[in-house]
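Next come two complexes built around chain A: one with chain B, the other with chain C.
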Partner chain A sequence: MKLSCTQENLNRGLGVVGRAVAARTTLPITNNVLLATDESRLKLVATNLEMAISHWIGAKVEEEGDITVPARLLTEFVSSLPSDKVDLSLPANSKTLEVTCARFEARISGVDAKDFPPIPKVSEGINTRVEVNHLRQGITQVVFAVATEESRPVLTGVDAMFEGDLLTLAAADGFRLAVYKLPLATPVSEKTEVIIPGRTLAEVNRLMGDDEEVIDITVNPNKSQILFHMKNTELVSQLVQGTFPQYSQLIPQSSSTKVVVDVAEFLRATRTASIFARDGSGIVRLVATPGSGELTTGKITISARSEELGDDVGEIDATVEGEEAKIAFNGKYIIDVLSVLREKQVVLETTNPSSPGVIRPVGVDNYTHVVMPMFVQW
Partner chain B sequence: MATRTLMHIDLDAFFVSVEQVLNPELKGKPVVVGGRPDRRGVVAAASYEARAYGLHSAMPLATAVRLCPQAIFIEGSFPRYREASGKFMAILADFSPFLEPLGLDEAFLDVTGFESLHGSIHRMALAIKQRVSEEQGLCASIGIAGCKVVAKVASDFSKPDGLIEVPAGEERAFLAPLAIDKLPGIGKKTEQRLRGIGVKTIGELSLVPLKALKSHFGASGEVLHHHSNGIDSRKVSPPGEAKSISRETTFDKDLSGRPMLEATLRYLSERVGSDLRNRGKQAKCVTLKLRYADFTTITRSYTLPQTTDADQAIFDTGVQLMRKALAAERQPVRLIGIGVSSLAEPSRQLVLLEPSGKRQEQLNRAIDRIRDRYGFSAIQTGRTLRLRDIFPPNDGGAFQVRETQ
Partner chain C sequence: MPIRVLEQSVAAKIAAGEVVERPASVVKELVENSLDAGASQVSVETRGGGVSLIRVTDNGSGIPPGEIETAFDRYATSKVSTIEDLDSIITFGFRGEALPSIAAVAVVEIVTCAAGESAGDLVSLQNGAVVEHRSEGHARGTTVTVRDLFRSVPARLKFLKSTTTENSHIARVVSECALAFPEVRFALAIDGRSVLRTPGTGQLIESAIEVYGLQVARDLLDIKGSDDTWQGGNATAPPVVTGMVGSPGLSRANRDYLSFFVNRRSISSRSLAWAVEEAYQGMLMTGRHPVAIVNIAIPPGEVDVNIHPSKAEVKFRDERTVFTAVQRAVRGTLVEMAPVARIEDTTATYTTPPASTRQLWGTVPTDAGATALPMETAHTPIASLPALRVLGQLDSTYIIAEGPDGLYLIDQHAAHERIVYEKARRQQEQRQTDVQGLLEPVPFEVGPRQDEVLRSGYRQLEEFGFAIEPFGDRTYLVRAIPAVLDGKDWSAMVRELIDTIIEGGGDNWSEDIAVTLACHSAVRAGQTLSDEEMRELIRQLEQAAMPRTCPHGRPTVIHLSSRQLQKEFRRI
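This part shows the complex of A and B:
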């Protein structure tokens, strides 16, 4: 193998695939990155067996070849090099990759590419295409709600329902549920439901470049793998097997109080209260009071108290429809959802202190967030 | 430190005396509280008349019957004792606000500077004994000294119906002739080990060099040294808001069998959980304490993602900590304890997907209600069944539990 490329491209490419390098693994070769010539390009591949990222960069290839080398070592070395031409060469029958750039030379001991885990090819199956802007917003608004603990594996993923020209993403961790609907640029031929690991979608979100407009998605026929195809990058991921909970029935159909409030103000008041809620399981208490006539608007107070620290009350104007409402939430859950909304106002719907609260942005109807309250003594 | 005057007030044969007040026919007779003699169980309390036959608390009921067949056996009623205890503490609180209750029937009182109110501390003590006797029909023994350990030894020594004042400077002389097991904190195990090195009296213990005690007993060696010399700087601390709740027990014999350790841990977790719920609190941090056969003591803590007051959650966390600890250290266990801290007002994140937590909570509340009425051992979880023989009928008994604030 003998080729040359720019330090910038190689450095960026290693950054792209780096997140798929295994952190703790029983298979040491997954700590490595695969370098392979692919026509007139250099292909970089890393996998942690759940997810694999391949990225292509432009290169001047003189001799074909491939090798794997420790990803961290190569990445750190390349990122320290000056912005210049990098020559990579692997003498015949050797496992030592020679890297030269300007007046630097390194030899890195590698492992044969034959031993690298095969990267699944996902070409057949359900194909569709999504606009990057839509997918990015969808992922951002649901992925934080996936479960972080592994006790129920299906909840560590995002449920993705492809139906006609609509994709519905849903995530739940047992205490909250986020559902986002986005249009597909190419309709799917048949209704398909899969569970995509939350980590995979977070990576997809990171990989989608600003210069890209669409992303191609393929789910293999037995629904075990999914491919995200971008301009110079491919991400293949295992899918979570199992049945995602029937969530539509968890979304309350009615409410006794509707509060319309400014997102930024709501967020500020919740953040402020959360400072005082740190030692008490993050409890913030919301009291929504309707206005007493046409001239006075309603308000919502957001408070928290700590036996040791003290307490805090914040008040914001709100349009409150229905009865006065008292409800307590884990402040983190409210902050999480308000932080990802792009709209200026939200509506919070509640029924009673122990029934789920629903948060929806005002002006769009493609997002629903359900949060279970906390039981507290008022 | 300025001179202090502390009192240790201890009710004589508390459970039995309460029964005797309710049923005067029992007075002057050998009475045992603890359950029916044909059942398995242990003596929770014995009247002085019964003690004359060699009966003592924690003794199996069967043995008690053999030693004193004519004794009257009563099952006892925990709520009654708790009520009597409440009245007793209220009387003490009238005398000094610096009150630290220890269990149901004893308390420390800091009476520094109270001489002028009653003429002397001795008179004050007599006034306390008189009120307890007149209002409750109970007998209190009182020890007066400059520190906790001496006051407690004095009240013990004065029983029954006693009053001993140990003047400042005479602490060592007072303690010296007493057998080492009279010193609080010296259990069977420690006593045996001390006897093994030829120490039989507190006086002899006070002469053992601090270094030697430390090498034998670790950190507790220092405490033994100070206490045997009549030195104890612990303050009388009114209970206030508990910052943590814990229970621990020392085994009669060092244990390495997991089932028994887990059963004990379950029992202690239930005690802690029940305390938490009684106080209307929840905890975020669970701490396991283990003392191994060689006296090394470890504590391991885990902070839960959210607060809990459930026995199950406390136990599950404790058991995981224990398994991890025992995997690293293959030694028999001498003492096991579990505690909770980072207490907060009760709150619970309600669950969107599966409401299993709610049933657990209802179960715990139901068990609490049964225990409130019939005593702690009235209902047991299956896991603790193997502890039957050492399960205390009430709060006393062989199963020493200590609560720290």
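This part shows the complex of A and C:
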């Protein structure tokens, strides 16, 4: 193998695939990155067996070949090189990759590329395309709600339902549920439901470049793997096997109180209260009071108290429809959802202190967030 | 008092004590008789912890009319006739002690109908003597009804544990038999509730699903090459090991989930348990125990089942070979068939240190000054902690802090446990628990033995913030959990709690709940903490009522005084 490329491209490429390098593993070769010539490009691949990222960079290829070398070592070395041309060469029958750049030279012992885990090919199956800015917003607004502990594996993933020209993403961790609907640029041929690991989607979100407009998604026929195809990058991931809970029935259909409130103010008041809630399991209490007449608007008070530290109360203006409402939430859950919304206002719907609260942004109808309250004494 | 030969009725009662130790032993003897009679269906019914009623019905061969009364004579058996027969025992019973022993301490009624007989026979006995014998209609097989167990032996009655405990022993005995005989349909009803019902299809996995629940059964691996040999009762040497073992991801806090059978006879053996645990070496965390159902098929002559009155223990002629075979089979299964570990963050699980190691804690490896800390703790049991300044974290496990008099090392898990424990206790007393609702109710499934325990105490879980209610057979529905368990695996906590209660006898639910809750929600050893988190932890520990020990009694803080440091560095 003999080729040359620029230090910038190689450095960026190693950064892209680096997130898929296994951190702690029983299969040492997954600590390596695969370098392979692919026509006039250099292909970089890393995998942790759950997810694999491949990235192509432009290169001047003189001799075909492939090798794997320790990812961290190569990445750190390349990132410290000056911005110049980098020559990579692997003498025939050798396993030592020679890296040359300006007046620096390194020899890195590698392992044969044949021993690298095969990267699954996902070419057939359900295929569709999504606009990057839609997908990015969708992932951002649901992925934080996936479960972090693994006692119910399906909840560590995001449920993705492809139907016609609509993609519905849903995540739940037993305490909250986030559902986001976004349009598909190319309709799917048949209705398909898969569960994508939360980590995979977070990675896709990071990889989608600003210069891209659409991303290509393929699910293999037996729904075990998914491929995200971007301009110079491909991400293949295992899908979570199992059945995602029927979440539509968890979204309350009616409410007795509707509160419309400014997102930024609501967020600030919740953050403030959370400081005092730290001692008390994060409990933040909301009291929504309707306005008394035509001219006075309603208000919502957000309070928290701690046995030892004291308490705090914040008040913000709100349009309150229906009865006075009292409900307590884990402040973190409210902060999580309010921080990812782009809209200016949200509506909070509640029924009683022990029924789920629903948060929807005002002005769009593609996002629903359900939060279970905490049961407290008032 | 002159020496006399005991009256027969007194001698019988004393001898009965060896075989019939508690109601569960009666169930065991009767079920084994049913199995020896070749039954394909066995149903067991008990009331009042087995003291008021035990009824075992089978469809086995029955007892011919002429032999029924003889069956209740001591040393009467159909299974052995010469001493040489003992070398080839394949039946469970052989000594002829079970029925007379039971009859000596209870009111027994037996209805039986042997194959080929037109009508059945009924015999009732009181104090070991026949009081009635008449014809009675009965399908093929035998029904034995035992009433008023130990009523005539008040001393024994006094030593029985609570009804719940006795029920759980009965459930365990029947569960073991159900595992050993997957081809027999077992039904167990305790106080009118159906507790266990196996399909009798001959598939071990199906019995395991009924006994341990689907969640556990899903993670069981067949011991290599064990597809057809589970049935085999009279194999040839070398011993053949069959059954199922849990994958390494499946572990439990006690050894209750280890079942051993020799030629399908349920036995308890410390050394076999040890052999299996050795096979899991390096795959399980310390203090966790595997799940295993293991049968050893061995020629009857190679094993002596006659060393224990209730045959709960056996002696092998060649122990080493048997243990090696078990260990090799289990290890081989684990190595070959255990699923490849998924790549995920591993977190340490806290386990209770055995009492014997407790005094080791807190020993600083210095000689003279080493005793300083334990003594300080002893003198000031409710000593509050001085104000501490956090310096850093050691091993992602201990917080290093500076106090007015030297260095303090704080075990982050133990310290947090103490904080959560006190808080949980306080909230429970004031009936002001922080409760987080679940988005949808989650079903929680348990085994028959666990069910007995949980049924008696689930209401106490509610005081700590669980909303849990029975939901059909051996299933509970959980609607809300204590807020401290948010983001933690609460089902693991409840399972460990039940195991702890089974082990400890269950007399102090609320203490056990608070301790387990604290253990599961506390920050783990090995978790890196930010400076702010460490300061917060120390601040809360300073405010705890008993900051020096965790709820299990381990110290939370080790103090190295300035004086001690000076001495070590030879400054004074």
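Things to note:
Keep this in mind: the second predicted complex is superposed on the first by the 378 of 378 C-alpha atoms of A that agree within 3 Å, B and C clash if a C-alpha of one lies under 4 Å from a C-alpha of the other, contacts with A are read in each partner's own complex, and residues count from 1 in each chain.
The working rule: a residue touches a chain if its C-beta (ideal position, glycine included) is under 8 Å from a C-beta of that chain, and two chains touch if they have at least 3 such contacts.
Keep in mind that what you see is a predicted model, and the values were worked out from it rather than measured.
With the C-alpha superposition on chain A as described, chain C and chain B clash in the combined arrangement.
After overlaying the two complexes on the shared chain, residue contacts for A:354 are found with chain B and with chain C alike. After overlaying the two complexes on the shared chain, residue contacts for A:151 are found with chain C alone; chain B is out of touch. In the superposition on chain A, contact of A:283 is made with both chain B and chain C. In the superposed three-chain model, the partner touching more residues of chain A is C, compared with the other of chain B and chain C. After overlaying the two complexes on the shared chain, residue contacts for A:48 are found with chain C alone; chain B is out of touch. Touch criterion met: A:26 reaches chain C, while chain B stays clear of it. Applying the stated contact rule after C-alpha superposition, one finds that A:103 touches neither chain B nor chain C.
Contact with neither chain B nor chain C is seen for A:114 once the two complexes are overlaid on the shared chain.
Clashing C-alpha atoms between chain C and chain B appear in just one of the listed stretches 456-464, 528-536 or 564-572, and that stretch is 456-464.
Overlap of the chain B and chain C interfaces on chain A: residues 172, 174-177, 245, 250, 279-281, 283, 330, 354, 356, 370, 372-377. Contact residues on chain A toward chain C in their complex (touch as defined above): 22-26, 48-50, 148-151, 172-177, 245, 250, 278-283, 308, 330, 354, 356, 370, 372-377. On the chain B side of its complex with chain A, the touching residues are 241, 284, 306-307, 342, 344-354. Partner chain A is touched in their complex by these residues of chain C: 340-344, 432, 434-440, 442, 480, 483-484, 486-489, 491-492, 536, 540, 543.
Interface of chain A with chain B (complex): residues 155, 172, 174-177, 245, 250, 279-281, 283, 307, 328, 330, 354, 356, 370, 372-377.
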